[in-house]
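First subunit A sits with subunit B, and in the next complex the same chain sits with subunit C.
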Partner chain A sequence: MTAYIIRRLLWLPIILVIVTFFTFAIARFGPGDPLLVVAGQIRDDEVLEQIRADRGLDGNVFEQYQTWLFDAVRGDFGESIQQQGFTVTEILLPKMWISAQLGIIAIITIFGLGIPLGLLAARANGTWVDPFVISTLLFLQAIPVLVVIPPLLWLFATQLDWLPVGGWDGLFDIWWIGGVIAVPIPDPHLYIPLVAFTLPGFAGVARLTRITALEVQKEDYVRTARAKGLSEGRVTFRHVLPNSLLPLVTVIGFALAGVLEGAFFVETLLGIPGIGRFVFQAVGSRDYDVILATTAIFATAFVVMNLVIDIVYGFIDPRIRVGASR
Partner chain B sequence: MSGQNRLLAILLSVLAVLVLAVGGLSAVLLLSGSDDNGGPTGVRTGSGNSGDGDGGSSATGRLRLASSDPVTLDPHLTTDATSAEYIVEIFSGLVTIDRDLNLQPDLAEAWDVSADGTVYTFTLREDIFFHTGRRVTADDVAYSINRATSRELQSTVARAFLGDIVGAREHIAGLADDVSGVEVIDERTIRFTLDAPKPFFLAKLTYPTAFVVDQQQIESNPRNWTRKPNGTGPYKLQEWRLGERIVLESNERFYLGEPPLAEVLYTLAGGSALTRFENDDLDVASISINDIDRARDPSSDIGPLYSSWPQFSVSYLAFTTDEPPFDDVNVRRALGLAIDRAKIAEVTFNNMLVPATGILAPGLPGFTPDDKTFPFDPDAAREALAASKYEVQDGRLVGEDGPLPMVITEVGGGAEAAIDTQAFLEQWRTELGLEIEIRQTDFATFLAEQDAGELQMFNGGWIMDYPDPEDILDLKFHSTSELNDLSYENPQVDALLEEARTELDSEVRLDLYREVEQLIVQDAAWLPLYFSQAHVVVNEAVEGWFEPEMVIPRLRFVEVNR
Partner chain C sequence: MATQAAQAPAGFGALEGRSEWSLVWERLRRKKLAMISLVVIIVIYGAGLFASVLAPYSYTEQNLDRGLEGISADHWLGTDRLGRDLLSRAMYSARTTLIITAAVVLSGSLLLGNGLGLLAGYRGGWVDNAIMRVGEVFSSLPGLLMLILINASLSPRVVDAVRSIEENTPLTGLVSSGFASYITVFLALSLFFWVGTARIIRAQVLQLREREFIMAAEALGASQRRVIIRHVLPNISFLVVLQISATLGSVAGSELVLSWFGVGIQPPAPSFGAMLFEGSGARTFQAHPNLLLVPGVAITMLLLGFALLGDALNDAIAGR
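Showing the complex of A and B:
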């Protein structure tokens, strides 16, 4: 097992080098020049040439990549061009942290509600409840985020004045009961982004849960369990649910890796200072160092989550043993 | 029946697990000290006091605005309007521009120009201080000019704004240790010598490149000083949380008196400004085309709060004038005569823009109200096209080597072109029988191709940097200007521009520019399209708000009565 994990981790730097090199090459060979974007309407070609030379933007691409790689290995991801005077790490980490908090809460909500809804649909297979639940969720999935947010804002923020219209103030506020006991309650800025984030997500999880649960219910051991006279709840929890979880682990794993990417529309429409909008702008203004650092971080997240998924598989289903020769 | 109850139990237990998970996560987050939203490396530049209770301050009121992060707060490096809006409040220079766009003394209380117009001697005010309390002297001004033009700083605008000072170009190129034309006479007197009489020199000094910065701060913290810059302007940067907010607080030592606003809060993360305005989270919001009808309706809730303001910004269609078929002035004129801009302004822009009457926007020195652009005249357009050296065949212009490509490039990435481009194409098709192709690129690519002179025809814009026609006419149309990206060359225009550069009589000078403007418009190197307007709603509690034609210090004029 340990040897397997180490072997998998040894691949990480190789994958990272390949991914970042291709990103680097695509960015540099593609059209556009970050200095022109920042320079604005009055520019000075001589000074721009100097900056290119000093920043190493005019050399051979392999040499440039080498420089970037050596700096990156030492933890120096360079400086942003569209946000001067801050290192890439200083800019990215707080934004990723905000996106990750929102994303993790959203994932907990999506799976926390999506799985039971899927089980409910599977249990109710053959009645009207099953298609009703699934089609409702599909309907929600079909509404674009861009359409979901404005009516929510209009109703809950502008008309009822229950919620703020945007912004971000952390996940939790604290209620002090009697000045002694701290009770964390969700911050009001959280609700609308959470709803916008999660509504389209339920359908996928619920349908996956439903379909695997239906498969599992046909298995011999479930029939045996029922035949033994076990209660329906025990059958569902002991036999159906664990065996339905396997494909969900993959989905959860990748969803978790994806939270670092943020969500462009939700962040932009609701004024959440997350990573999604910033990376979008970085690509638009050819902010190379920001693009490369985010690519490296996303790639790491996916490689690591892949490994975690494989390991978790082994715990959930003893039939799959990582490390064993397959 | 009991099956249903069990399902309910399942759902409830899942919910319980969910709540536990959320609780657990929150505990972790609380333990990790997330009392605010900054995360592990949030940039906190606040001094710690919340602005209350620092006795002696007479400023009251808090203004809430929406903006975005500045690219930089280093005045000598800035080139964009967003950064400049903060910089003109935090820093200041020798001279500034007031609400009526007149030059006013700022750090300097007076100046004297030699008879030949090449030597400017400034006398500084006596009571000028940095935010930290250190007195500003002529040495600080000299340091700032030398820093802005140093080779190490690599400012892309230093040559444009300070290059008229003797020795500045050498200093920018790294050939001199300092700018020889800057002389400190005494603590309160500084002298600039120019390479020639430059009537627009004072106007250029109002741009942030000439602002005063604190040598001690920069040398003690060269990398990070802009996170809490020490300036001389009416407001101090109290807090900057990247991507979240910027807070300015009034500078009680400001030499023109403490500004009336105690605090200005900028939220930086985006979101719908108008919705936040209506929710009373913002004091000023700009109006988009989707809301303009409501804003203009005096009986609507936001109607009474709405106002619109002219801007020093012109949009245009430009041509590379040395490549067929747009090397023929008749072709360019025909295209100009065939578009009905008034109708497009009304139909597609809901009159949020005004059709341009020339290159110089209303209010600029040299502006004349008469319309110098081509009117919408389809017959004249067809005549102009017939007079060209090219023939129209199957919607294309044909030269000696066969049909010529005609491509208009615009910034965009959607499934369809900008709505005004579509209107132009339709009018060229119906009035002239010409089929012109649209090509879309992203902004960075567009700039690179524009810089390389590769765009045959494009939709562009120019925002004035200082209120002088030189800023647009000389920079964009002189045949030797680096910024002339159209290969436009007219010896008469060059001669007039050169004459205007050194003409000291202001009226004569502006007449020269008027003549230049007329010539360029007739040459149809640019087809001026629209002048911009700012459309805003402002909270009733805010007094004195205005949208200036260009970036100028304005927060010193604004009050909030709340």
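Showing the complex of A and C:
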């Protein structure tokens, strides 16, 4: 196991180098020269060369990449072209924080509602409830987020006027009861993005829970628990549920990927100043350093996440020791 | 299988002569949802395939006097901002979806995915290592961001390439028809859609290699080609079909998103993504809901059809 973890960790920097070089080459391959924007009104070749040299964008692609890599390793991810005078780290960190808050809440909601729905379907196996729950969730999964958001906005923001059209104002508002007791309530800006993030996610979690729960329900220890005269609720929560959770660990990675991808359109459509929206703008304005830093962050998150899942899986279920079989 | 034989003892003799695929089809046919999904998929793809015959108008035909109309006898589903018939545009968009999904599934998933998966699983050693490591790199790239980046960077180059084809050959009208953007989207999606298939096929082939009948064939001196074609391929064919059904939906979804972001299929070529984008403002939706609902309902039904059919197929193959 240890050897396996070490091997995977050694592989991480290599993947990161390949991934960032790939991104760098593609971004550079595109049309347009963002440095003309930096130069502004001055159309002097000498000035342009100077800027290019300052930003490490002179020489061939490999030299440019080398410059970027050596700076990045030392924690310097360069300066944004869209917002001049700010380093990439300065700009990205607050945006990442916003996206991360939303993402974490979304993942908690997906699992928090998906698991009970899956259990419900498994318990109701053989009745109409089971296929009804599952096909409803499948239907919700099939609707693209791009189709869902405008009607939601129309209904809740324009018609009913309950929720704001977009924007971001933190996770929680504080309600003061009698000016003394502070009660945190979710900020109204949160609801529509949350619905958009979670609707496509429920089906995966619920179906996996259902399938595992159906298997677990057939196990001898569940029959024993029933034979002992335990209540149905106790059987479900003490014996079926914990044993059904294991495979769910593997879908956390998928859920995370889904939320990361969803961030692009949810943030763009709803005007949330997170990383998804910003990166999309960065692609449009060839903001190389921002694109590279984000790709590097996303790739690291993916690789580390997969590694953690593998390790956690090995710990929860000792029957699957990845290291041993390899 | 056992239940079927029990139900129809007279057909037991015929059972031996039937291929596994006809059994799967038999089970699938009894699932109502699967059949409805199949019909939905056939209708939408059929509308795309025969769009040039069936559509009442051309997808570029404008009538600025009759923009943003509702449902009428002339325009069954209304018109968009430029007075183009939404029904016709939806049908041509279905054609775009058909072209892209078919091309990507054929090249990315079927050829690249299965080919590399087979190669990795069967050859093993450094070939396996190389293919899987490359796959790992691709799967750790943030897919959507990469697709947007690749499309944004690649499309001017592809347009140039297509233009030079136009200049040097008798072919004309390629650039203006948006042909280049189809190529770009196809290339970019193929690049990403082989990894999942290759992994699953590889795992299956690795298991198969340990089986006695494969070893027997190898021991008897069968060539690698013969072992792969006669013994390995028939045993992964179910998996291949399942992978296709799973990939179709996600390819269609990716094309939708790319075109929505403006880096996919380029206008005037029609696509559901571009249609959705035009109808996606909250105010637009309030005044002209058909702009969003026409492409939205069509693509949702298609994606749902793929999901339900894939599910049922999975059950049918597993013998349920």
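Here is the rule we go by: the second predicted complex is superposed on the first by the 248 of 326 C-alpha atoms of A that agree within 3 Å, B and C clash if a C-alpha of one lies under 4 Å from a C-alpha of the other, contacts with A are read in each partner's own complex, and residues count from 1 in each chain.
Following the convention adopted for this analysis, contacts are C-beta pairs under 8 Å (C-beta built on N, C-alpha and C of every residue); 3 or more make two chains touch, one makes a residue touch a chain.
Since we're looking at a predicted model, the values are computed, not measured.
**Q** Which partner does A:Gln101 reach: the first (subunit B), the second (subunit C), both, or neither?
**A** Once the two structures are laid over each other on A, A:Gln101 reaches subunit B alone.
**Q** Once the shared chain is lined up, is A:Val165 touching subunit B (first), subunit C (second), both, or neither of them?
**A** After superposing on A, A:Val165 lies in contact with both subunit B and subunit C.
**Q** Could you say whether A:Ala157 touches subunit B, subunit C, both of them, or neither, answering first, second, both or neither?
**A** both
**Q** Where does A:Arg123 make contact in the superposed view: on subunit B (first), on subunit C (second), on both, or on neither?
**A** In the superposed model, A:Arg123 contacts subunit B only, not subunit C.
**Q** Using the superposition on chain A described above, determine whether A:Phe264 touches subunit B (first), subunit C (second), both, or neither.
**A** Only subunit C is touched by A:Phe264; subunit B is not.
**Q** What is the contact status of A:Thr2 with respect to subunit B (first) and subunit C (second): first, second, both, or neither?
**A** In the superposed model, A:Thr2 contacts neither subunit B nor subunit C.
**Q** What is the contact status of A:Phe298 with respect to subunit B (first) and subunit C (second): first, second, both, or neither?
**A** second
**Q** With both complexes overlaid on chain A, does A:Asn60 touch subunit B (first), subunit C (second), both or neither?
**A** So A:Asn60 meets neither subunit B nor subunit C here.
**Q** Look at the residues of subunit A and decide whether subunit B or subunit C touches more of them.
**A** Counting contacted residues of subunit A, the larger count belongs to B.
**Q** Now for A:Ile143: first (subunit B), second (subunit C), both, or neither, which partner does it touch?
**A** A:Ile143 sits against subunit C, while subunit B stays out of touch.
**Q** Both subunit B and subunit C touch subunit A; at which residues?
**A** The overlap between the subunit B and subunit C interfaces on subunit A comprises residues 31, 150, 153-154, 157-158, 165, 269, 284.
**Q** List the residues on subunit A that touch subunit B in their complex, please.
**A** So the residues of subunit A touching subunit B come out as 31-48, 50-51, 54, 82-86, 89-91, 93-95, 97-98, 101, 104-105, 108-109, 112-113, 115-116, 119-120, 123, 150, 153-154, 157-158, 161, 164-172, 174, 182, 184, 186, 231-233, 236-237, 267-273, 277-278, 284-286.
**Q** How about subunit A: which of its residues touch subunit C in the complex?
**A** Per the stated touch rule, the residues are 11, 15, 18-19, 22-23, 26-27, 29-31, 135, 138-139, 141-144, 146-147, 149-151, 153-154, 157-159, 165, 257, 260-261, 264-265, 269, 279-280, 283-284, 291, 294-295, 298-299, 302-303, 306.
**Q** Over in the complex, which subunit C residues touch subunit A? Could you list them?
**A** Subunit C residues touching subunit A: 33, 136-137, 139-146, 148-150, 152-154, 156-157, 249, 253, 256-257, 260-261, 273, 276-277, 279-286, 289, 292, 296, 299-300, 303-304, 307-308, 311.
**Q** State the interface residues of subunit B toward subunit A in the complex, per the touch definition above.
**A** Subunit B reaches subunit A through residues 2-3, 6-7, 9-11, 14-15, 17-18, 21-23, 25-27, 29-30, 34-43, 69, 71-74, 77, 79-80, 151, 154-160, 172-173, 223-224, 226-227, 242-244, 267-272, 275-276, 278-279, 281, 441-445, 447-449, 451, 462-463, 465, 475, 482-483.
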